[in-house]
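Chain IDs A, B, C and D follow the sequence of writing; residue 1 opens each chain.
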Amino acid sequence: MNHTMELVIGAIFINNILLAKFLGNCPFLGVSKKMETAVGMAGAVVFVLTLAGMITWLVEHYLLAPFGIEYIRTMAFILIIATLVQFVELFLRKSIPALYQALGIFLPLITTNCAVLGVAIINIQEGYDLFDAIVFSAASAAGFGLALVLFAGIRERFETIRVPKQIEGTGIGLVTAGLLALSFFAFKGMI
Amino acid sequence: MGISALVMLGIGLGAAAILAVAARVFYVKVDPRITATEDALPGANCGGCGYAGCASCAEAIVAGKAPVDACIAGGPEVAIQVAAIMGTEIGVAEPRTANHFCTGGDRAERKFHYEGALDCRALFDLHGGDLRCKVGCFGLATCVRACPFDAIVMGPEGYPEVSAEKCTGCGTCERVCPTKVIQVFKLSDRLMHFNNDHECLPPCRQLCPAQIDIPSYIDLATKGQYAEAVDVIKERNPLPLICGRVCPAPCEAGCRRVAIGDEPVHHNYIKRFVADWEMHHPQAPPVISPETGKTVAVIGGGPCGLSAAYYLRRLGHRPVIFDAKPALGGMARYGIPEYRLPKKTLDFEIDEILDLGVEVRCNQQMGRDFTIADLESEFDATLLAMGAWDNSSLRCEGEDLDGVWKGTEFLQKRELGIKVDLSGKRVVVVGGGNTAMDACRSSLRMGAGEVTLLYRRTRKEMPANQVEIDAAEHEGVKYHLLAAPKRLIGDEKGKLTQIEYIKMELGEPDASGRRRPVAIEGSNTLMDVDVVIAAIGQRPLKDWYTKDLEERGLKLTRWNTIEADEKTLQSDVPHIFTAGDLWSGPALLIDAIGTGRRVARSIQRFLLGLDLGFPEGTFVGPQKLAVSNLVPVLGVGPRVRVSQPELQVADRIKNFEEVDLVVSPESMRDEALRCMRCGTLCYFNDEQRDAHLSGRPLRKKVGELLQNSPTLR
Amino acid sequence: MKKTLHMFVALAGIALASGLALGGLHQVTAQRAADNILRFKKVPAVVSIYQGRGQALAADQLAAFEDQVLQGRRQVDLGEESPLSLFLIEAAGSSPVVVFEAFGQGFGGDLGVMVGFDLASEKLAGIGITTMSETPGLGTRVRETRFTKQFVGLGQDAAFQVKKDGGVIDGVTGATVSSRAVAQAVDRARKLFQAHRQAIVAAINSGQEKASP
Amino acid sequence: MSASRLVKEFSKGLWREIPPFRLVLGLCPALAVTTTAENGLGMGISATFVLVCSNGLISLLRKVIPNEVRVACYIVIIATFVVCVEMITKAYFFELSESLGLFIPLIVVNCIILGRAEAFAKKNGVLLSRADGLGMGLGFTLALTGLGAIREFFGAGTLGLVFGEQVFFDQPFAFLQQAPGAFVALGLLLGLMNLVGGSRGR
């Protein structure tokens, strides 16, 4: 249990996937202009990342490893993630329209969210067992969501703040992300 | 090597199979434009556009929320493709420009005494409020600095002015403005805007059936910006020359001057002044949105049809006006006599509209010269606006006698070139409306020896414009009030000789609030007469209502008007719309103009496949907000209303020269300065509304603000 | 249907071609890549053990020594998932040392430690950290000699645990998890060595070099 | 197809649409691997290689790939080249592969590559697509190397790519080497680009 807690806290705060590992920055800057979209994106990432973490772990250990073809891991994983994302999108759209409304439009964005592939690969590299892999995936996604929502909250304030023309938009966004990352540094001593 | 290839093959096949099955099982129909746009977009799902993925970006583009060049990863090629799908071109797309535009709330009244931070946003964050300004602007030019195209400068009034040529509608100014007084909108949004209850609406603007932004044009007129003032009027009313002359100005009823015991501001002096000025100083035609390729048949070239055609044209559609008469103008031409509205002026105003690219087919009568099927084959939508030309019957014996005329038929004779000689004749006009007044005054000008007006109620109840009633009296019309015709008596040749009328008295108020006239038994009186003109009311004709229209499901009410949605004016046949008198029954010219613009909006949305409904809180017609009158007006005293210059009675009575003259620029300005700038000096801010609703006293005395105003003291 | 078939053929065809291409490239590069891992990750740890035994190594000798270590490695199949690589340090004037890698559970995942045993005395000849992803500045300090040298000369029966857990190792302050992981790895290596001493010695003596998988 | 078109498609990636500044794509590697100029260069070259190869191949196959599964096909093609790069760096540039680490496989999800595939390669000829890929890739390389150089020089006091082991500062501004510094440096550099370039990126 202690180990699981460490894994969760480590993934959310200390090695935050966005701010410390730099995974998933394109959507981070893209959809963080409004709180509403940020929350939707965060939800979608938690959903897909957990699912993808589980499936890729199974594929690695029951398909790639037995045949000794771990070298096509990247290849297999990305294809699986793309298929999974598209499948989930199609499924939600038809079957659970309410959830699709909330998450659906963010799903396609996740295919090229490197956080998903990144976490899947980290799961394998770190040699997690299935349970750990799922926990780590979910926690990483939660960390992503946390940073995204915090960032969107800050960014909404930019609308009424005077920013030098040259760094308006993405520029100030990046600098702010830097400060957010700095504040996340403070969690380093937690464990 | 073999295994890796096999596994990849397996995964590839599996992925294809899952997706193929899923695509079939979970198939959901979507707007083909969304699919097409999505196909055109890169599919990189990078999020650079601010939307979550290419699919949602495509949805936003099709929904009009995102520009066609929203995609960052795709670059210009993709933007061109998307523009083609959306049926626009980049750069040719309808220009969006920024404007300061107060929509009320707590923003319109702020006064700052802070000199530290020189940025609107800083002030807003630090203090929240208190700048007094016409549009709720802090005036620190943050938007000017923010504009990437240098399209904004600070005007002499202390708030930003936008150059329409330079503005690209990028929206930067809107984003930086903390009070959102500067907003970016498209021409069509602006033209098709209707009053909304969250806006800061002065009472005159609430009451104007066309919803003209009266304080704005008055303000522009005081500054000598006459062309701009006309532009403001024409955003709501394309016929200022006509309205400036004949509109009874229902807006004046709400004027806050009345609340302080003064006469209302005479909007029409100002409107007519700027419109006349524009007639003599031709301006560039207004901006027209990109062509949509849609055509609309406008049946009836009266004020309503002209108004609808004008707005449809400015929105980029191609309206064609059909009119049964040889010339356009409808009641404005054939119902309003020359001395009130010179035909030269009317022609100028109509030509201005036609010059925008509106086609006209005159002498074409619905049901006689063309059918609805003809229209359906040629046009995307049809507007029926033929007005109300049928005169109500007097419902008394002898109506068929020679010498008994109907009001509108009499009035149009002169315009149709039919000579009428009334020299020395005794004329009795029955009715109390404007048609009756016009008939009286026209009869005088045609040489009538004696003109008597018969009206069954008192002068107070007359629906005609007060100025008309007075003018007719000045010109020598005799008023025979509280009298109703009972019988028309003719000689053996069928020629009218006498009218028998009965005296009336006022009883209990009826549904319309006017006291019901009751006949006094036995008071029948005979009067010698040569001509009786019945002008007791009109209703739409029915001759156009042919079987094919009935078969299509178009329904008429028992007043011969068309049954249509109260707000959108769409009839039961989706592509047929109606407006003006044909929908409302006889009403004011300005009502017809207002419904003309309203129906143009509905047709526009119908043509674009959008929902016809209005946003919540919209007022489609005149509607007085109860709260408008509640705030006391301190510190403002009466100020004499400028009187209308007119021809001397002797000079005008024998001809059809225009009676009312245009006021001088000085008088116009004097009158314009009487305006208390309601709504721009906002008396209805959130705080005051809350105070009113909760019964608390107001924090601020409006009078204090007004005392500081040079125009109001 | 034809469209669906086209979809299948295209996707599967590309996947097949990709699998073939990667498989081919893998055959060409796999050996080199594996060597690289040994050379750049494992061998330096072996070198540090060698240096920890007081053996000087001049800069120009380093490459030669690395080659020697790489060449001299053996493989022994202990029935685990993959065979264990054994490295041998032979230096004049001291008994040969067998070195192999073991793992402990660190804070940031597995922590790899090369553990060397003196074949003569069976005492610990030294350790060298290979792979880890510990917190920089804290956990990574277990790499410092101050920590690793504690292991040198410990006997087979020593308690390979940090003092907090009742062992003999001084943990690095603020890096208990990482210190524990190193101790754990060494303990595992010791157990492995004890369990498979015969096989290991036999493998070393066989003198045969086997290709890694 | 004229040579000038070729030059145009090539040169736009170098300044006018240079990623990740003008085209705000590919941020993750731009932030993560630019601790040194050398890493930036390595990442840039790897991405360029993949970009040129995948753009070329996708352009070649553009008529064969059905629209419905095009993204999946593109991803497979891109991933193939990425894995190639991964294998090659592991075999021949081991130290680089260690420092780029996770980010080599993640080239697969670098949206520049998929973005260019969709926006350009799927409708243009092989040569043009390669020129586009090369331009974008070189622009990306330039940006990453530049950012890496700044972070390395000020953050670690070295510039290994040019000056080897030479150390310029004793107490460098280490903030720049760490995660927050990466964000701030990229943001400020972007501002600088806009300042110099005059026009503002979106």
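The definition used in the following text is that contacts are C-beta pairs under 8 Å (C-beta built on N, C-alpha and C of every residue); 3 or more make two chains touch, one makes a residue touch a chain.
Please read all numbers here as calculations on a predicted model, not as lab measurements.
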Label-sorted list of chains bordering both chain B and chain C is A, D
Grab the C-alpha centre of each chain and report whichever is closest to the global C-alpha centre. A
Between C-D and A-B, which chain pair is linked by more C-beta pairs in contact? A-B
How many angstrom between the C-alpha centroids of chain D and chain C? 34
State, to the nearest whole Å, the distance from the C-alpha centre of chain A to the C-alpha centre of chain B. 53
Computed distance of Cα centres, chain D from chain A, in Å: 21
Report the inter-chain centroid distance for chain B and chain D in whole angstrom, where each centroid is the mean of the CA atoms. 57
What are the residue numbers in chain D that touch two or more other chains? 24-25, 68-69, 71-72, 76, 79-80, 83, 87, 111, 114, 200, 202
Would you give the residues of chain B that are in contact with at least 2 other chains, written as numbers and ranges? 3-4, 7-8, 11-12, 15-16, 19, 23, 44-46, 48, 148
Per-residue overlap in chain C, given as positions that touch at least 2 other chains: 7, 11, 14-15, 18-19, 22-23, 26, 30
Name the shape of the chain contact graph, picking from line, ring, star, complete and other. complete
Looking at the complex, which residues from chain D come into contact with chain A? 24-29, 31-32, 71-72, 75-76, 79-80, 82-83, 86-87, 102, 105-106, 108-111, 114, 178-188, 190-192, 194-195, 200-202
Chain B touches which residues of chain C in the complex? 4, 7-8, 11-12, 14-16, 18-20, 22-24, 26-27
If you look only at chain D, which of its residues touch chain B in the complex? 17, 23-25, 67-72, 76, 111-112, 114-115, 118-120, 123, 200, 202
Would you mind writing out the residues of chain D in touch with chain C in their complex? 61, 64-66, 68-69, 72-73, 76-77, 79-80, 83-84, 87-88, 90-92, 94-95, 98
Quick one: in the complex, what on chain A touches chain D? 19-26, 28-29, 71-75, 78-79, 82-83, 86, 111-114, 116-118, 121-122, 125, 164-182, 185
